[in-house]
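Heads up, the thing below is written out as C-alpha cells.
Each chain gets a letter, A, B, C and D, in the order it is written, and its residues are counted from 1.
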Amino acid sequence: MSDLSVNIAGLLFKNPVTTASGTFGYGDEFREFMDVGRLGGIFVKAVTGKNRDGNAYPRMAETASGMLNSVGLQNKGVDHFCREIYPGIKNLNTHIVVNVSGSTVEEYVEVAGRINELEKIPAIELNISCPNVKFGGMAFGTVTGMATEVTAAVRKVYKKVLMVKLSPNVTSITDLAKAVVDGGADVITLINTLLGMAIDAERQRPILSTITGGLSGPAIKPIALRMVWQVHKAVHTPIIGLGGIMNATDAIEFMLAGASAIQVGTANFIDPAVSLKIVDGIEAYMENHKIKAVTDLVGALRTE
Amino acid sequence: MSDLSVNIAGLLFKNPVTTASGTFGYGDEFREFMDVGRLGGIFVKAVTGKNRDGNAYPRMAETASGMLNSVGLQNKGVDHFCREIYPGIKNLNTHIVVNVSGSTVEEYVEVAGRINELEKIPAIELNISCPNVKFGGMAFGTVTGMATEVTAAVRKVYKKVLMVKLSPNVTSITDLAKAVVDGGADVITLINTLLGMAIDAERQRPILSTITGGLSGPAIKPIALRMVWQVHKAVHTPIIGLGGIMNATDAIEFMLAGASAIQVGTANFIDPAVSLKIVDGIEAYMENHKIKAVTDLVGALRTE
Amino acid sequence: MEVKKLVQDLQVVQSICLNKRHFILELLAPEKFPLILPGQFSQALVKDSPSTFLRRPFSIHSVDYGKNTLRLLIQIKGEGTLHLSRLKEGDSLNLIYPLGNSFSLPNTKDVLLVGGGCGVAPLLFMAQFLNQNNIHPAILLGFRTKEEVSEIDEYSKFGKVMITTEDGTEGEKGRVIDHSIFARQRLDFRKIYCCGPDAMMKAVAKIARMHKTDCEVSLENTMACGFGVCLCCVTPTNKGNERVCVEGPVFNINRLTWT
Amino acid sequence: MEVKKLVQDLQVVQSICLNKRHFILELLAPEKFPLILPGQFSQALVKDSPSTFLRRPFSIHSVDYGKNTLRLLIQIKGEGTLHLSRLKEGDSLNLIYPLGNSFSLPNTKDVLLVGGGCGVAPLLFMAQFLNQNNIHPAILLGFRTKEEVSEIDEYSKFGKVMITTEDGTEGEKGRVIDHSIFARQRLDFRKIYCCGPDAMMKAVAKIARMHKTDCEVSLENTMACGFGVCLCCVTPTNKGNERVCVEGPVFNINRLTWT
C-alpha cells in the first residue's frame, strides 16, 4: 500500500492533489461529477472584503494550450462567504482552504481575520498575485517590500496555516518567496497566471474586455515547473505547485521539482473528474516505481 | 497594390516579416527551401567575441505548444563571422541583422564594433536576454541599470541602427524598454524566450542538460503580445515583435498591438517556408480589409 | 428521471451534412438519459485538434428517449467545429450534459419561436416540447440563403413555419426581424422564445418590449467550463453578473440589462 | 538527380502493421525523387496531435525510384508515432527530406550491419545500396522477442541475416552484442555500420575499436529543426559540437568522443 498523505506545515492532507482557486467554485458544482471527499484539499475561489462584480464580459480567450481569463475576483464578499457558503461546505471530508484577496493591506487583514474564526477552515491562501484587478492583487506580489508587509500584517491576525500564492510575473521568484517567508508565510503556492493578451485580428480588437488577462493551462507548465524548482532550492518552506497540470505525470513532475502538493486548475474545465484520476495516477506511478511514500517524490529530481 | 514596406528607424524593410535569431542559421539552410530575398530581413544567429561550444546535449525539450532550448550561444566568434560567414551572405537581397551577444559589456562592445565595420550589415540586435548562459545574457536584460549601461556602451561604437532585444523574464517590461531607450536604442525587439524547465517523470531527471532553458512557440504568444502592447503604450521607439508567430494572423496581431515588424522563430522549424507564407497572408489580409499600407496596422488595435 | 450532469462518451450514430456550413451529429448514449430540457446544452470535447483546448458548447437539438439518442446541430465556425464535422459513424464524442437552465413553459398558446443561424438549434427541441404540452407554436427561422434552409419538415411537425433568407432566395427577404409578422400593428403572440446572434436577439427583444410581449432569449456567451465554476461566461442582469451556463443560457429579457 | 531538400506532401500507399509496436508507411511522392542516400532521414509533420508540436525524424527505410515510393519503419513510442500509426491509404503526410549525411561506401567487402530496435530502419536501405555496389553484407538484427522479428525476407535478399532476441524466442538469446560473432577471437568484418539505442551503439563501438574495425554509427539525437539551424541536436566530436542532422546522423566512431 502506498502512503499518499502529506504533512504541510503541520496540516495533514490525505493526498497531495488539491484543486486551484477560481477553477473549482466552492466545490458544490463538482459533487455532481465525483466524490470531492477523496481530494487532498479544495482551494475555494477568491473571497474579498465586499461584494465584487468582477470585470465585464468577455472574460475569456482561448490560446494555444491555454486560456486567458479576466474574471477579476467576482465574489459576494467575506460576510456572504461566512454566512451562506461556509455552512454548506464545512463538513466536506477534505481540507477547505480559502483564497483571500484584496486591494489594500486592510482588506486582506479583514478577510483573513474573519476566516480565522471559521473552525473548519484550517488554512488560507493569500492571493497577492491576481493580474485582473486594478488595485492591489498582483502589485502586492511583484514588489518584495509590499509582499512582506501584507504577509506580516495577515500573519498577526491569522493563527492557522498561512499560505501565500505568488505571481510568476516577476524577475526573481526567489526574492518574492523569501519576502513572504520573511513576512511569516508557512507555505508558498506557485504559480498564479501569467499576464497575457489576445487579439481578434478580424475585428482588430482585444478579445478580453480588460485587454489583458491571466494565462493558465499547459502552455505555462514549463515556467511553473522552473519556478517551483528555483524556490525549492532557495527556501525551506513547503511549496504547493500548479500551472498547467493535466494528468498524473504533470503532477509528479511538480513534486519532483519540489512541490509537497499540487493544485489542479484549468484542467477541471476540460475534465471535471480529472483531479481524482490524478490521485489514482500518482498511486499507480508509485507502485510502478516501488515508491512507498509520496513524500519521497518531493524534490527528488536527479540532477547529478 | 498593397504597400508592405516599413521604415524602422530610418531603415526601409520591403515587408515587415523577418526571421528570428537562432532559428534561421545564417540563412543558407533556407535557400534550399525558398527565396530568402523576399523576406523583409534576416536576423542571423548570435555572434559573440570568441568561439563558444554552447551547452551540452540534450538542449531541447518539447512542451505543450512550444519548446525549450538551451543551445547557449554556440557560434564560432566574431572573427569567424566576419571572415567566413559575412562574404557569403552580404549580397542576399534582404537586410541582414546580426544578433550580438556577450558575457561582459566589453564583449558586447567589441563585437558591435567589429560588426559596425561590415558595410552590408545595416543594423545589430543586442541580445541582452539569452537565458542560457551563466554570465551576462539575461542578467543585462533584467536589471534596468545594466541594460542602460550596456546599450549606451555599444551605442558609442555602433553607428548604424541599434536594436535591443529584451527578456520577458521581468516584472516590468516597460521599465526595461525605457532603460534601453535611455541607453540609445533605436528599436526594441520583444521578446526573447521565457525561462522554463522540463522533467522526465519516468527517469526523474531534467530533460535539458542545463535543467532550465528558454521557452518559445505559440505557448508564449499571449505574453509576447501583452509585452508589445505595454511597450507600445509606454515608449515611442519602434518595436519588432515576436513570440509564437505561426501564421499571418499571428503576425497581424503583433502589428495591431504595436509592432512595426515581426520575426518568425520556432515556426521555421516546422515549416521552413512559413515566413514567406506570412508575407503572402498579410497581403491577402490587407486586400480583404482594404488596407493600403501595412504601416496602418501598427498599433491600430481598437480599444475604445 | 433525475436531473443530473453526466460526463459521458456517446457514440456517433450518424453525421448528417445539411449544407456546406451545417451538419447534425446523432449520438447514442451508453445508458438511459437523465431528464433533458429544451434550451439546455452540452459541452463537447474536441479530440485531435491542436488548436482546440477547451470544450465547445452546443445546444441539444432534439432528444429521442426511446432510442436513447440526441442530436446536435452544428455550424462550422473554426477548427473545433471543423474537426467535429469529420466525425464518422462509430466514433465517440465525450459530452458533459445536460447543462444550464431551460426555456420556461408558457402560460399562453400564442407562442412564437424565432431562430437565426445556428441559433435555431434549441428551437426544434422546444417546439417538440411545446407540442407535448398541446401548444403549436409559430416558428420563424432565418437563413442566409436558400441553400442553407433545412429541416423544415421537422419543424413543420410541431407548428407553422415561416422563413426569411437574407438574399430572398426562399421565404421573405431579409433578416428575421424584417419578416412581415413584425410589421403589423398588433403582434399575434403573447410569448416569444428566441435564439441566434446577439444583434438579432436584441432586435427581437426590442420588438417584444414594444408590444409588451413576454420574451425569453438563449445566450451564447463564450465559455470555459460550462458548469458554473470559472465565471467566464457572465452576463449583466438585474442581480449583477450571472453565469450564462448555470443561471442561463435562457434569460427572460426583463432580467437582462439590454436596452 | 540532384541532391536537394524538399518539403512535400506524400500520399500513404499503404500502412503495414508489423507487430504491436512497429509499422511501415509506404509513401508516394508527387514528383520524381531527388537522390536519396542510405542513412538519410526525413522530418514528418504529425497533424491533429495536440501534444506533438515539432516534426518527428524517421530514417528512410527503403526507396523505390521506379514507383516513386519510399518507406518509413516506425516504432510507436509516444503520441506522435501513435498518430502516424493511424494513417490510412490515401491520407497525406508532409515530409522534409532527404536530410543529413549518409553511410559511406566501404573499401572492403567484409561488411557487417548491426541494428537494434527501430535502429534497423536505415539498414535495409543500406543493404540494398551495398548490393548495388556488389557487396553482400552480414546483417545482425536484434529484437525483443520473436513476435517483433520482421522483414527477414527483405534483408535476406541482400545478405546473410543473423538474429538475436532478448528472450531467446528466435535466433540467439540476448542483445546484439551478445551474439556469437562477437565472441570469436577475430572479427570477420572490416567495416561495421550500426544503428540503434545509444547504449547498444556504444557497446558495438567498443568491440569495433578492440578489433580495430572501422565503424560508423547513426545517432538519433532529439531534434527541433532537422536541417541545421537550431543547433539542438549536437553531439561532441573531435571538431567540437557538431549537428547530428547535418554533419550526421552518421558518424565514424573515430570522430566521436565516446570512450
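In the analysis below, a residue touches a chain if its C-beta (ideal position, glycine included) is under 8 Å from a C-beta of that chain, and two chains touch if they have at least 3 such contacts.
Computed from a predicted model, the values in this text were never measured in an experiment.
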- Path length in the contact graph (chain A to chain D, fewest steps): 2
- Item | Centroid comparison with chain A (C-alpha atoms), farthest chain | D
- List the centre-to-centre spacing of chain A and chain C in whole Å, with centres computed as mean CA coordinates. 36
- Query: Distance-wise, how many Å sit between the C-alpha centres of chain B and chain C, to the nearest whole number?
  - Reply: 47
- Could you grab the centroid distance between chain A and chain B? Build each centroid from C-alpha atoms only and quote it in angstrom. 34
- Identify all positions of chain C at which a residue touches two or more other chains, and write them in rising order. 50
- Item | Residues of chain B engaged with two or more neighbouring chains | 63-66, 217
- Task: Make each chain a node and each touching pair an edge, then name the shape: line, ring, star, complete, other.
- Result: ring
- Message: Touching pairs of chains, all of them, please.
- Response: A-B, A-C, B-D, C-D
- Query: Which chain C residues qualify as touching chain A in the complex?
  - Reply: 4-5, 7, 45, 51-55, 96, 221-236, 240-241
- Task: Would you pull the chain B residues touching chain A in the complex into a rising list?
- Result: 61, 63-66, 68, 142, 169-171, 194-199, 201, 203-206, 211-212, 215, 217-223, 225-226, 229, 244, 249, 252-253, 256-257, 285, 300-303
- Report the residues of chain C in contact with chain D in the complex, numbered from low to high. 48-50, 83
- Item | Complex contact set, residues of chain B against chain D | 22-25, 29-30, 32-33, 45, 51, 53-54, 56-60, 62-67, 69, 71, 74, 217, 266, 268-273
